[in-house]
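What follows is a pair of complexes built around subunit A, which joins subunit B in one and subunit C in the other.
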Partner chain A sequence: MTATAGTVETAGAQPTEALARWARRNAWSLGLLAFFAALLVFTKFIQPSYGVTGVQGLAISVLPLALAAVAQAIVVISGGIDLSIGSMMALTNVVAASLMLGRSDEFAVVVVVGVLLLGLVLGAVNGALVVLTRVPDIVVTLAMSFVWAGCALLVLKTPGGGSAQWLKDLVLGPLGNEWIPKAAIVLVLIVGLIWWAVRRSRFGLSLYAIGSNQLAAFRSGVSVGRAKVFAYALTGLFAAFAGLSLTASTGIGNPLSGSYTLQSVAAVVLGGVSLAGGRGGAFGPIVAVLILALLRTDMTFLNLNPNLATSAQGIILIGVVMVGTLFQIRRGRP
Partner chain B sequence: MSSGEANMTTTELVPLVEMRDIRVAFGGVHAVDGCTVDLYRGEVVGLVGGNGAGKSTLMRALSGAHPPDSGEIRIDGQPVSITNPRDAKTLAIETIYQTLALADNVDAPSNVFLGREVTTRLGSLDDSAMESATRTVMGRLNPNFTAFKTQVKSLSGGQRQAVAIARAVYFNAKILIMDEPTAALGPAETAQVRALIRQLKSEGIGIFLVSHDIHDVFDLADRISVMYHGQIVGTVNKDEVTIDQVLGMIILGKRPEEVTQKELAKLHG
Partner chain C sequence: MIKGSTRRLLVGLAAVAVLASACSTGATTAPATAAPATAAPATAAPATVAPPTTYKIGYSNAGGVGNGFREEQVCTAKAEALASGQVSELTVIHQNGTAAEQLQQIRDLIAKGVDAIVFNPNDAAALNPALTEAKTAGIVTVSVDAYVTDPDTYNLYNNQVEYAKLGAKWLFEQMGGTGTVYYMRGYAGHPADNDRHKGFLEVLAQYPNIKVVPNNDGVATQWDPAITTTLINDFLSSGQYETIQGIWTSGMDSIVVDAIKAANKPFVPIVGADLGAFVKQLLDPVGYPGLVGAAVTNTAAVGGAGVGLALKLLNGETVTTDPTASQPNTVLLKPVVAENVTDQGKALLKSWQVDGLDPNWPLGLQIEGYTTYTPAQAVACKGPND
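Then we have the complex of A and B:
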């Protein structure tokens, strides 16, 4: 009797139920998205001229950090952290720029593929060191960040090099409608395809399982070491995408290209990926990057000291995480 | 049921599991110091002993979680090498841990199939196949279980234990190691798990039951192996001993016949 009622109910209410479950699971990301929308309205309010140019500028400026945030999200979900993302971006950025300078478009294709492979290798080295030495992730990747940063300076001492025109055209400007930035499409394509493949794979499941409970995953027969190396390699790949996007958007290579590592950690935390591992996705961190960038723009519009913007970012981060934790505690004790 | 009883008398049969002279040391500490135990089809062997007696370490040697330093493990009479949990699972050895070790942030079917996922021909996860298989096996174990799509962290202790047991049952375990299977459960859930152990036993599965709860062990086990300071004090048939005698073995580390009157008096205080 009860069993029949149960099956009828699930059969009838499946779509709405699934939708509700999806919304519940992605509540944080949806909230961030709503906040971003509100922020856009606010921006238009304080700066009525904010429009096509603003949106295009936002898209191109967030592309490297958005890719870096996805890179960080992958490894954080697996229960680790990668402090060498910024250095890997710098290294891949300068390698691409120095190799492409004055070379043909065809050669640039080879360079792009090679640099992506380089990213995979850099990440795999990080992962292998973490697994083999059993030194905490944070220590290994911090050390490796100096190694990769040093390598970047060996390749290019000062900003220089160049980018193939087609690579620049790939991310600069709109596609079709003037409101649709190419950079956004590139981001959605890269992240969408790879993330979708990861979520549908055995590796994706082990990623979340290891992040949730490494011991349980190991006892269940998951090859924890292999999955970790894989996670770091994938992080390296996304760092290489981020480095290439720097080459494409700036047209040059810069061995000291900014504080992407810690910003990626900030975006991941703000984006609802638990630093304890096992929770979150790629979408939240990307929206978080958009929010952080737009906040910075708004502060310029409001004529606030740009240095204040950095501090404000930190304060917002702490505030958001505190509120998030508070919600979680509330939900834990109904 | 008949197979379970048959084992009590036909000891000339090849044991399902033989662990001979197993040694595991952590630095200078001999956690398991030359232990020999065996297990027959359809039998429950209780493994008891005080804290740090080495019960869990001995079982980890069998489950592949911590390979032994020396000693021999035979399954159906064949010497085997178990160096990681995957080796153990290929030999149809499944383990259910006291800590209800599950990956909290994934759902029940994913936990059941973790490490042995079902994939489609394209190599992607076959979620619907895993869910329906989990529904089938869960229908047998715990028909009230319906939370197939929620993350297991929001399940109750009994439901989580059901997920852990479903994992063992689905993959046709021949040998089941249960490390304090009822430690984290309430009375009703404990009764459920006990009934389940009896059911699995009647299906011919050999079960090592590690437990602090002497009543659990007396209720379920056919034989009891007592450990003391990393060694086996003795293995006794449950029907031939009293709870007090087993308690004496656990506390004093001696077989009942070796215990002096003085020690017995002291034990009863």
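Then we have the complex of A and C:
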């Protein structure tokens, strides 16, 4: 069920067997990765000049949605859902941009830390409301999405503000080798460090536990309410990272969020996170975001209407959920 | 925790939402297919300087999909790419999005290896990183309809200060330099509205006997038909209409004329834009007896002109820029005014009308020096690879 359980099992097993088990457990993510690799080859085939520029562009384009997808994955694994991620991104985006305009680089560091804390607080408010009111999380977070969106418009009426140069440089261009985009390193560092720490903590265990079976988790001594608030707070933190990545990549704040919320749900589903909770990780959704973005780029290369990519995304989403349910029925899981 | 059925509903909802948004935008991208199929002869001018015919151009429009002004921009871009005979491929990304999403559109076009990128910017500064990358890749960039602050990008848009000045000057002269004007502005805070306000006040300062109601800041129609209708009906029913001698509108003109007609009041001189419906009213003395007015051009052919400008830059031709503009490398398009008082004015208004044009599209389908297509080609909305 969890990483801890996995390490105990693998310790005594044969290496090949352990590898096979690991592959089986991550079959979906590995399949996605293979599909992404195939899509890259296909892209190179239809556009032979696709190379460094394309990879750099892909990395910086997917950064906001990839972080939003990880945010959504965390709360979905815990058995909830957050429909306010897009609005939290917009709010943290405009707060960062309006505070950084015309200020020093040092002050911008304070702003970044403050905005990340703000994200934690926004998420914790969502989580506390879900736990205290016992209103379904889908309703609470939908309502809160309007509250956070309204707050964003109070901070900035129209797109504006600014960004510290170091923040922009943090995600723009390559690092060392021209093939390694800074945006990808930032993504790997943020997700890798936080996700690694969470998975190894008691909280990470309770996250999966309450997602799998709330009652069983409660009877095993997990404080369900606290774990839930923690999950939403962590989602808020990643939404703030996503909002900051918007500030960094555009250099401004935009109070109107894009379609990040529903796209993050789509990425989570495609990424192998069960909407029933308790299963999945952060890696699958990120690969799913990469695939969706590269599909759009291919539409441009093929001179197809990019709106078709959006349709394709919806169809793939329905297909994945149907196939996933079929597998679950086959395995005899509820 | 929510039940499985609710979750399934949510996934369904998410899928339907993305599908619906895609389908709705997809459907509105083709308004011109209903137009008469008078397909103009393709590639008409091969005999000039024998320019290369191998340019690949990208076009990014990330807002107002379905809006007549934006649709006309995209269609004129396609028409110019086709008519110039120099474009082998025009890749159009016509999809609503935020500035962050338009950054991806531009980067996709860079990765595609186009020679030039023409775009309608969602923000003046946010696209600059991608525009710098385009320059590094040797790609010419042209911003149309509004400017960007990237110093290497060329900007091409309508001179909105001049737009307001032309109409206001005509109106104040028509009123004999004295009287009261109802000042109906556009969208509060929009750069074009700010520029028009500047021009209006400049001309107003030259006419000391002209008074403006409700005050010099005017009223904001937000370029919204419903808001405009409410404003003019309130103005008519409150009796204030009897105290004015002229109306200046920032577009939304035909709605104001229809409201005055419906209220059965005599017309006062009115200024508007070159939208099909208003020009039709000005040329219809039977339907609108006593209507005196003037239309100022605000062409949406900036899309086609942007492609024309990109081709000039690719061919190394010199481009005359306007040093009075706020940014370097800016081509400001000069608006033109035409009234229905003189025969000359009426003839000009008639010459603007285009058969088969969507009534929500602005007239003025061509821009001298930058577009080479025929009106029929713009209406047909076909590019070199369509």
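Keep in mind that, in the parts below, the second predicted complex is superposed on the first by the 310 of 334 C-alpha atoms of A that agree within 3 Å, B and C clash if a C-alpha of one lies under 4 Å from a C-alpha of the other, contacts with A are read in each partner's own complex, and residues count from 1 in each chain.
Assume a residue touches a chain if its C-beta (ideal position, glycine included) is under 8 Å from a C-beta of that chain, and two chains touch if they have at least 3 such contacts.
Here the structure is a predicted model, which means the values were calculated and not measured.
Q: Determine, for the superposed arrangement built on subunit A, whether subunit B and subunit C clash or fit.
A: fit
Q: Tell me the angle subtended at the Cα centre of subunit A by the Cα centres of subunit B and subunit C, rounded to the nearest 10 °.
A: Between the subunit B and subunit C centres, as viewed from subunit A, the angle is 140 degrees.
Q: Touching A:R279 in the superposition: subunit B (first), subunit C (second), both, neither?
A: So A:R279 only meets subunit B here.
Q: Examine A:T53 and indicate which partner it touches, taking first as subunit B and second as subunit C; both and neither are also allowed.
A: In the superposed model, A:T53 contacts subunit C only, not subunit B.
Q: Between subunit B (first) and subunit C (second), which does A:R219 come into contact with in this model arrangement: first, second, both, or neither?
A: After superposing on A, A:R219 lies in contact with subunit B but is clear of subunit C.
Q: Looking at the overlay, what does A:A209 touch: subunit B (first), subunit C (second), both, or neither?
A: After superposing on A, A:A209 lies in contact with subunit B but is clear of subunit C.
Q: Counting residues of subunit A touched by each partner, does subunit B or subunit C come out ahead?
A: Answer, by number of touched residues of subunit A: C.
Q: Tell me which partner A:S104 touches in the superposition: subunit B (first), subunit C (second), both or neither.
A: neither
Q: Please give the nearest C-alpha separation between subunit B and subunit C in the three-chain superposition, to the whole Å.
A: 15
Q: Taking the complex as given, what residues does subunit A use to touch subunit B?
A: 3, 6, 21, 197, 200-202, 204-206, 208-213, 215-223, 278-279
Q: Can you name the residues of subunit B that touch subunit A in the complex?
A: 63, 65, 85-86, 89, 95, 97, 101-106, 110-111, 114-117, 119, 123-125, 143, 146, 149, 167
Q: Where on subunit C does subunit A make contact in their complex?
A: 1-2, 4, 6-8, 10-12, 14-19, 21-23, 25-26, 29, 89, 91, 93-95, 97-101, 103-105, 107-113, 122-123, 125-126, 128-129, 133, 137, 189, 385
Q: Along subunit A, where are the residues that touch subunit C in the complex?
A: Subunit A residues touching subunit C: 47, 49-50, 53-54, 56-57, 60-61, 64, 79-81, 136-138, 157-159, 168, 172, 214, 246, 249-252, 254, 256-259, 262-263, 265-266, 269, 275-277, 293, 296-297, 300-301, 303, 305-311, 313-315, 317-318, 321.
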